[in-house]
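These notes are about the structure you will find just below.
Here the chain labels run A, B, C and D in written order, and each chain numbers its own residues starting at 1.
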Amino acid sequence: MFFASDNTGPAHPQIIDALARANEGYAMGYGADAIMDRARTGLRDVFEAPEAEVYLVATGTTANSLALATLTKPWETIFCTPTAHIHEDECNAPEFYTGGAKLTLVGREDKMTAATLHAAILAEENRGVHGPQRGPVSITQVTERGQVYTLDELSALTATAHEFGLKSHLDGARFTNALVALGCTPAEMTWKLGIDAVSFGGTKNGCLGVEAVVFFDPGHAWEFELRRKRGGHLFSKHRYLSAQMAAYLEDGLWLDSATRANTACKRLTEGLRGVPGVTFDYEPQANMIFLHMPRAMHQRLRAAGAMYYVLAGDPDHGPDDEALPARLVCDWSIRDAQIDRFVELARG
Amino acid sequence: MFFASDNTGPAHPQIIDALARANEGYAMGYGADAIMDRARTGLRDVFEAPEAEVYLVATGTTANSLALATLTKPWETIFCTPTAHIHEDECNAPEFYTGGAKLTLVGREDKMTAATLHAAILAEENRGVHGPQRGPVSITQVTERGQVYTLDELSALTATAHEFGLKSHLDGARFTNALVALGCTPAEMTWKLGIDAVSFGGTKNGCLGVEAVVFFDPGHAWEFELRRKRGGHLFSKHRYLSAQMAAYLEDGLWLDSATRANTACKRLTEGLRGVPGVTFDYEPQANMIFLHMPRAMHQRLRAAGAMYYVLAGDPDHGPDDEALPARLVCDWSIRDAQIDRFVELARG
Amino acid sequence: MFFASDNTGPAHPQIIDALARANEGYAMGYGADAIMDRARTGLRDVFEAPEAEVYLVATGTTANSLALATLTKPWETIFCTPTAHIHEDECNAPEFYTGGAKLTLVGREDKMTAATLHAAILAEENRGVHGPQRGPVSITQVTERGQVYTLDELSALTATAHEFGLKSHLDGARFTNALVALGCTPAEMTWKLGIDAVSFGGTKNGCLGVEAVVFFDPGHAWEFELRRKRGGHLFSKHRYLSAQMAAYLEDGLWLDSATRANTACKRLTEGLRGVPGVTFDYEPQANMIFLHMPRAMHQRLRAAGAMYYVLAGDPDHGPDDEALPARLVCDWSIRDAQIDRFVELARG
Amino acid sequence: MFFASDNTGPAHPQIIDALARANEGYAMGYGADAIMDRARTGLRDVFEAPEAEVYLVATGTTANSLALATLTKPWETIFCTPTAHIHEDECNAPEFYTGGAKLTLVGREDKMTAATLHAAILAEENRGVHGPQRGPVSITQVTERGQVYTLDELSALTATAHEFGLKSHLDGARFTNALVALGCTPAEMTWKLGIDAVSFGGTKNGCLGVEAVVFFDPGHAWEFELRRKRGGHLFSKHRYLSAQMAAYLEDGLWLDSATRANTACKRLTEGLRGVPGVTFDYEPQANMIFLHMPRAMHQRLRAAGAMYYVLAGDPDHGPDDEALPARLVCDWSIRDAQIDRFVELARG
């Protein structure tokens, strides 16, 4: 019963196999390997974007920081939500990579809306050279609270960005979970509605550690390459990144894994929905659940070995019926039996 | 006949196997995995340094930049040679990670000496607040031209650094090749002679992509962890870095691989030494050869499929007997037959 | 009727005279001038802090940025209010000088309270290496909306900072206006209640351009000097900064000028208080007034040559009785006649 | 007898008078003052460059760093000489402002030549994404050793830069001393031969502290303004910078002051040329002399109160006839009597 994170489960065996297969003979380093050609073609095909420039890095923080640094001047501010990974979970990496840009928090919720974004943009850069200048909008899809923007919501956000001449970036650490939830294509979720750059996650969806950065405007390519190198993120034995991404895209593995994770999450949600004492903080829409459970329920689950994050309070001490918040995450490898056992334990 | 680089050959099968074995069940992310405990213990044992703090990253540029940033203030200068990787091959990564420190080039040769280092240190920081302040000394072992510092040479360098109260860092991208060449222990080549931090390479010696940063003074630990995270270099699925390093150190694989590479290089050197027209630019001491060969010899080798870098000039056009410089690198996977064939072709 | 800012009026003639007097003969550069000894002693005397290290720079943004950079690591976050100058008016200078630190906005008001500060600090750094680490608290006194923290309020803030082991910085661009309003001593408003560093403003209070940075802990001195130099803020002909500060502190000119400004502001406030249609957004406590006036009143004043900032809306077009916000600032040079004329015009 | 530096003498009385005159009434801040219009026009006239964008800052390090940061990407390297102020005397300010660019030292002499520059440029950026990329060339005129590039020499340098598509910057801290020495116009020494940006010094030539940055391509303007603001270098009471520059350019004061300094230096040079034991390290061409004098001569001069820098060795202890290097600088305020007395003392 391991629901701690989608980075704690195993990689998909097909990815491991691909690594082993990639380990034959000699291959040019630094992205000039032949497998990268396959990965690049795969990404362009998936995004229906033959002109796009695509790059591989090993972590999501890297993908976000390098993509944003390429779109942002040091004197600008990036618009994101208060729960965005780039704000809360990257130890100032965007500030570091941009050379000291600011992050402006849009609204007070997990999702931004065209209205809160519009207000936030208006509030910046009304003081000439004195204040930060307006920079790109970064949208997290799936959000850090497990919500999925609809295509209409995304369109409204990019339209707002464009109204002010701003670029937009999609933090897609859980890109495919959103895609599967929406039932749309990558193109529909990105460039067709005006996204300029995407962090396309593989790590949380069955890879060992690989993320693609996709620029629909190839004009950003060379700057990105230089930023990647000087950040230490250009792999010499690049074929092992390429192999992960190529295998991830092959035969729909990426879609299949995200579908499994979302399906598992739905099963868990439905199981818990009927359990007295469980309340959902957000309606689960992809592969993450944020809920409150009474302390006694936490104790029962944890005693039985369930792994997940209690987000506040001490699960071990206090009144039995006090509700404590928690996060449950499903990845591709969770099995139904684990889910059912969890629900059963919750029920008591 | 692939002598282009020690990052173009395959990873050792034992490393791949270790990845597959690590891919069982759940593991905490971000370095809290159980395999990291083994890797940490392995590194501390190998260095005979139970107090040392050790961290894993995926590239050599990262190991160097993060280690140096931890030892250097933005207003300081790092002392290194003109051929150092940190100067020539990292696209200003040390300048980026330190927040704008400078690199002072020591001497004009591939190796620094106590005398050239002393002179370079003396020449800095004689102008109070106006000039850069003296920062750490970074020593590359094996050098980028394939030379190995003796323990006496290293001691003289660290003694010079200490005379001015400066720290020292060892760029050990080819640490084990040097170790094997010298026949000493890691402790003897590092902390016993006063090295403060080491970039301990795995990638060039049979891993997919893993380097350890070793601080003998654990006081640097927390700052390093924060720098690693905000650089995007903390892996969520860290077990795949841990597994590489643990397997690398197990049963002497690291020593065995470096021994193979150095032995291959010796065989190649001896074979080429008798060939008319071949001159060595440096005496090969580990796994790299820098030499000049006549154009006709280059043409013969390349036509037969030999892969290596011609460092200047056009091998395809010009007089047959013009000598052109080249670099040949051996890794663990090179076989005797390839070497012998190369020598035979050189001989013509 | 010039109420646009306290940086638009003339410098005090005594400051100009001091510059002329300083222009005799030769003087060592870079802060080693004899007048700096007087300025340093003057500042230490005024703060009753003989051990304090004090430095001069030419702008308030510089004083804030360099002081904060000395107190903050790049992976930390600085706590300040949403209206703080360092957040709104320095074009990311603190982010630049700290090497990419973040600013966490405390509460939603112009003044922070111990409660909002406590909540903001608690909300950061509960995620280990992943989030920004807690850095110093920066308090603006007088606030950017013309409010003055009481000594009790300041004590509560520094006590909260200390509870978490954090340093505190006072942005005192209008330090003396606050001092005069509170009727306390500089020591009482700073180190006696736990402030670690002060930006002590001179520019807005009658100087041409000089601010002191005061560190009560001299351990910060050398780092600050290096940061000042590499920021380009160390003046070669430093005597002209020294002369301003020395003259500013002599014979109570600094107190006298701030008293004039505050008194003028009080006269203006009292004059406007009785005027129908005028509403105050904040209770004026030093030398700045934030109010709403009907459009017709704005038009009358502006037509007569009154200069001040209308903060939103178009004063020239729209209904006569629509209230538009404005800022009025008094400096030392404003005369009663101007104030009375302004009030008279407002009255209509 | 004060020959320590051209930043230790008094400002010209006309500059002080201009400050006093500027101190009348109200003036918009941040460069929007009316005097700036005069200064701007003055600079454009002097440079015969009506389209140029010009900005004022207070120090030479600032002018250089901001100008270079505007022309340089963080992954590039700036070409300059080993004696350049930006390399030796700015405590890594260019590295800081560019966000971590590198400085490549051209040749080993005080002046670069087209040949050494060509070689230095060729040696960089032959390794794709791995090495630093080629950035602008920064030329110091007058050099830090008192030498003046001829127009032909400058043309050869800018032609070399252009051959590689690189921009060029002129560090003109002593711009006018060079101009007077060459007897040419500012346009001839800058844009007519291909200079893109100039640090035009006022401080060392009779101002209190003001330097202009001149961009002949106005496309750099907005970026420069933002960089100046976030560096803390935009003065709120900007009129006091404007007044210095306007007065400096009025009635040829700038030319007159530099002529006086150069003439004084020539008198000093000629006086010392005949003195036994004096040897010149460089042929003085503007207002600085680098020479060797025997220890006894140093002792005689210093005992009589002469002020200048002894650059190495201990003037007080050692053999009488040992030659020690020194620097003598003349500014506009040096009088003939001082010079003659110095020469007389040197003669003994």
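Going forward, a residue touches a chain if its C-beta (ideal position, glycine included) is under 8 Å from a C-beta of that chain, and two chains touch if they have at least 3 such contacts.
Chain labels with UniProt names: A, B, C, D = Beta-eliminating lyase-related protein.
If you're wondering where the values come from, they're calculated on a predicted model, not measured in any experiment.
Steps from chain B to chain D, taking the shortest chain of touch contacts, total 1.
Shared residue numbers account for over half of those found at the interface formed by chain A and chain D, and the copies are therefore classed as meeting with the same residues. Taking each chain's centre as the mean of its C-alpha atoms, chain A lies 51 Å from chain D.
Centroids built from CA atoms put chain D at 34 Å from chain C.
Computed centre separation for the pair chain A/chain C is 42 angstrom, with centres defined by C-alpha atoms. The multi-chain contact residues of chain B, meaning those touching 2 or more other chains, are 74-75, 90-92, 96, 99-100, 129-130, 133, 226, 229-230, 234. Residues 2, 4-5, 7-11, 13, 16, 19-20, 23-29, 57-62, 65-66, 90-93, 96-97, 203-204, 208-209, 226, 229-237, 240, 307 of chain B touch chain A in their complex.
Partner chain A is touched in their complex by these residues of chain C: 74-77, 88-92, 95-96, 98-103, 105, 127, 129-133.
Put simply, chain A touches chain D in their complex at residues 30, 73-75, 99-100, 129-130, 133, 223, 225-227, 229-230, 234.
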